[in-house]
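What follows is a pair of complexes built around chain A, which joins chain B in one and chain C in the other.
Right, the complex of A and B next:
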């Protein structure tokens, strides 16, 4: 039953651009995929090690800028720029991990948020490199041999591959010894340490992988919208990621993807009815309601319901 | 040299209001263990309350300030009772998420009510600056500095000399024992949150007329309040006062001598550097309140 369900889902995902002709809907699906990678990356830290990063937009933005600059200024291929973007973001994650590894909870959050603030200010003020608030237009679309992945349909498959690769990577990581160490740290740090889990090592590792994934998402975003500006550092992105992870179910593999799908589609659906401010207002209220009524998220709640029946 | 003095004076004016923000947050964070990301929204609330009183109702500045403080206290008490009280025994991360939600909701609520265009708050002070030797100071800024100092002094008196303040200090040191001694912890929490929010609103009403009132003004205010708290040490009111003044002066000097584009980076860098090197704050010998 579960296997056939998965096969149907995979088939639907693979054929989606053929039966979903509406380019606008396809655009929403692509954005959901990019946010899916972001939510997976945040979930590694928040869901598995229990550390909330409110600086994730910084890793996303660093990835977007790295990829855009490498392809625009140095005319590197997208296929080199993408791993470079992930590496640059991962490196930033390493720095933050090393710096903040002594801190927990609120203090870790504050360091990440401050880091994002500094990076955002740099992107606005370092005119020579980033072109300041005007941003970098004309980021080239990726090319694959003779084809350009300019169309939404082609880009969909690129994003699909990225989502699949990221979830697989997260699944492997979480199921491994490393993932068990993450969870042990989240549940009881001193106990984990006493049985020989190297706290520093694992927290930095989680930060690096998480930041690297966010950087990859940034690169995908840059080459999809073909424009990068300091807006990629907007705190709204971080908040959206947090809501996706918390609503979907932190510490689960499917949760962030469900959350990403839901919270990319929902605002688009609401856009026709309400303005952007109402939508953000609803986000805030929703976050509060989630904490009160569905603290573990949608996916764990559904799993519990299914077990009971 | 003349410039330096001018920067120092401007920094003190800013720093006085940062200290108000910081004292409010250090009490909330220290006493209630709530990472209040909505703190800056009470600052925004204060600025808009001042705008409503001065710009729309045409009241005088003192009334506007009192109105802003009342709005902050009322809003703070409301939030504490409805959102934080039910979650008192939850983890710090849970309440942090709720405060992030409140922050987004309040900010966009303000955006809906007041619109995205920045509002300039009228004030009754003459615009010609007072010139004292090498330093010139707008009368409004002098007023802001004096009022901030008065409010800081009042906060000290409240914390050190009143029964409420003593109960707050006791709760900070040991909530359980205080409860056993008959301190009504729930009411102390409500009072602390209302008091902290009122100070933030006062800061907003004071700085609003110098700058402008706009919905997202609270974001930076929150982060600056956090850097003041971290600079001074959790729950440390004198530390927050000094930290606020220090941050104000550092920002002015940074903007004046390094680059004005990076003015707001000062607060961020303080958070990172202090937390990494000296997490208990630079003035702290031990965590304390009062």
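Right, the complex of A and C next:
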């Protein structure tokens, strides 16, 4: 039953651009995919190691800028710039992980917020490199052999592949001794240490992988919108990611993707039916209701229902 | 052999341990007893790296443990449990034990991400080992239940299973019988004996004198941060300083 469900979902995902002709809707789906990768990345830290990073937009932005600069200034291929963006963000994650070694909870949150603030200031003020607030226009679309992934339809498949690869990576991590070490760090740190889990090592590892995934999402974003500006560091991006993870179900594999889909589509759907003020109000009310009725998130609630039936 | 040499721990002006030395013979059950505040748990924390002594050192087979992180000490085979129940609350019993098996696994990040076939064999082996340990501590009927939802006594067994999973050569148990009923204590005593018989050394802190005298090969008595007596259970029970220490603390 579950296998056939999965096959149907895969078939739907693979054929989607053919029956979903509306380019605007396809755009929303692509953005949901990019946010899906971001939410998966944040979930590794927040859901599994239990550490809240409120600077996740920094890793996203570092990936976007790295990829944009490498392709614009050095004319590197997108296919090299993408892993380079993930690596650059991963390095930043390593720095944060090392810095935050002894910090947990609120202090970890503060370090990540400050880090995002600093990176954002750099992007605004280092005119020679980043072109400051004007941003970097003209980021080239990826080329695949003779084809340019300029169309939404082609880009959809690129993002789909990225979502699939990220999900697989998260699934493998979580099912391994590494994922168990992450969870042990969340559940009971001193007990984890007592059985030989080097807690600091795994915290740094989680930060690196998480930041690397966010950097990859940043690169995908840069080559999709073809424009990068300091706006990629906006705190709202981080907050959106947190909402997606928490509402979808932190510490689950499907939760972040469900959250990303819902909270990318929702503002768009609301925009279609009502004015801006009412949009924000409706968004807020829905969020409060979700947290109130499904405190552990949508996916855990669905799992519980299925188990009962 | 685990050796504690002239260890002192000061918290501000208070000496929790004041020049403690003892050795734990391999393959024995050694108990540390003493009135509240005698420094028993401090000694455990110092041995396992949760506390740094102000003076002195702990060695295992001649190698210095003092200064190492708890996880590094666990890697050398010295594994502890905690005085207050300490499990991974949201995980099932068997998943608790699987975390404990961390050191038995070898999978690294790249291997995991690439999904190497060898890992599947390793996971199968770890799952089997976890089941064996759950069986050993007598929790097979609770295997899939969430640890924090178990009754207190069974949570302590989970904790024991987690520690055993780490493959201890020396197992330090901090009040394994605390809060347990008499029959449960009997079960734990039996398990501790079996652990010793399988070749591990057990060092335990325990208040229940019946349990201590029943299973220990050697008893070490701490009082006021010092060792005041050491010997076989029978000798300790007759030791005048020990009797005085206990009566003194009882009347205080």
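By our rule, the second predicted complex is superposed on the first by the 288 of 309 C-alpha atoms of A that agree within 3 Å, B and C clash if a C-alpha of one lies under 4 Å from a C-alpha of the other, contacts with A are read in each partner's own complex, and residues count from 1 in each chain.
Note that in this section a contact is a pair of C-beta atoms (placed from the backbone, for glycine too) under 8 Å apart; a residue touches a chain by one contact, two chains touch by 3 or more.
Predicted model only: the values in this text are computed from it and were never measured.
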item: Partner chain(s) touched by A:262 [first = chain B, second = chain C, both, neither]; value: neither
item: Broader residue contact with chain A after superposition on the shared chain, chain B or chain C; value: B
item: A:28 touches, of chain B and chain C: first, second, both or neither?; value: neither
item: First, second, both or neither for A:209, with chain B first and chain C second; value: second
item: First (chain B), second (chain C), both or neither touched by A:270; value: neither
item: Contacting residues of chain B [partner chain A, same complex]; value: 29, 35, 83, 86-87, 92-94, 96-98, 100-109, 111-112, 219, 223, 226-227, 230, 259, 261-262, 264-265, 267-269, 271-272, 275-276, 279
item: Of all residues in chain A, those that touch chain C in their complex; value: 168-169, 172-173, 175-178, 180-181, 183-184, 187-188, 190-199, 205, 209
item: Chain B partner contacts - residues on chain A that touch it in the complex; value: 50, 52, 99-100, 102-103, 105-107, 109-111, 113-115, 117-118, 121, 124-125, 235, 239, 242, 246, 277-278, 280-281, 283-288, 290-292, 295
item: List of chain C residues in touch with chain A within their complex; value: 48, 50, 69-72, 74-75, 79-82, 86-91, 95, 98-103, 105, 107-109, 112-113, 115, 119, 123, 126, 159, 162-163, 165-166
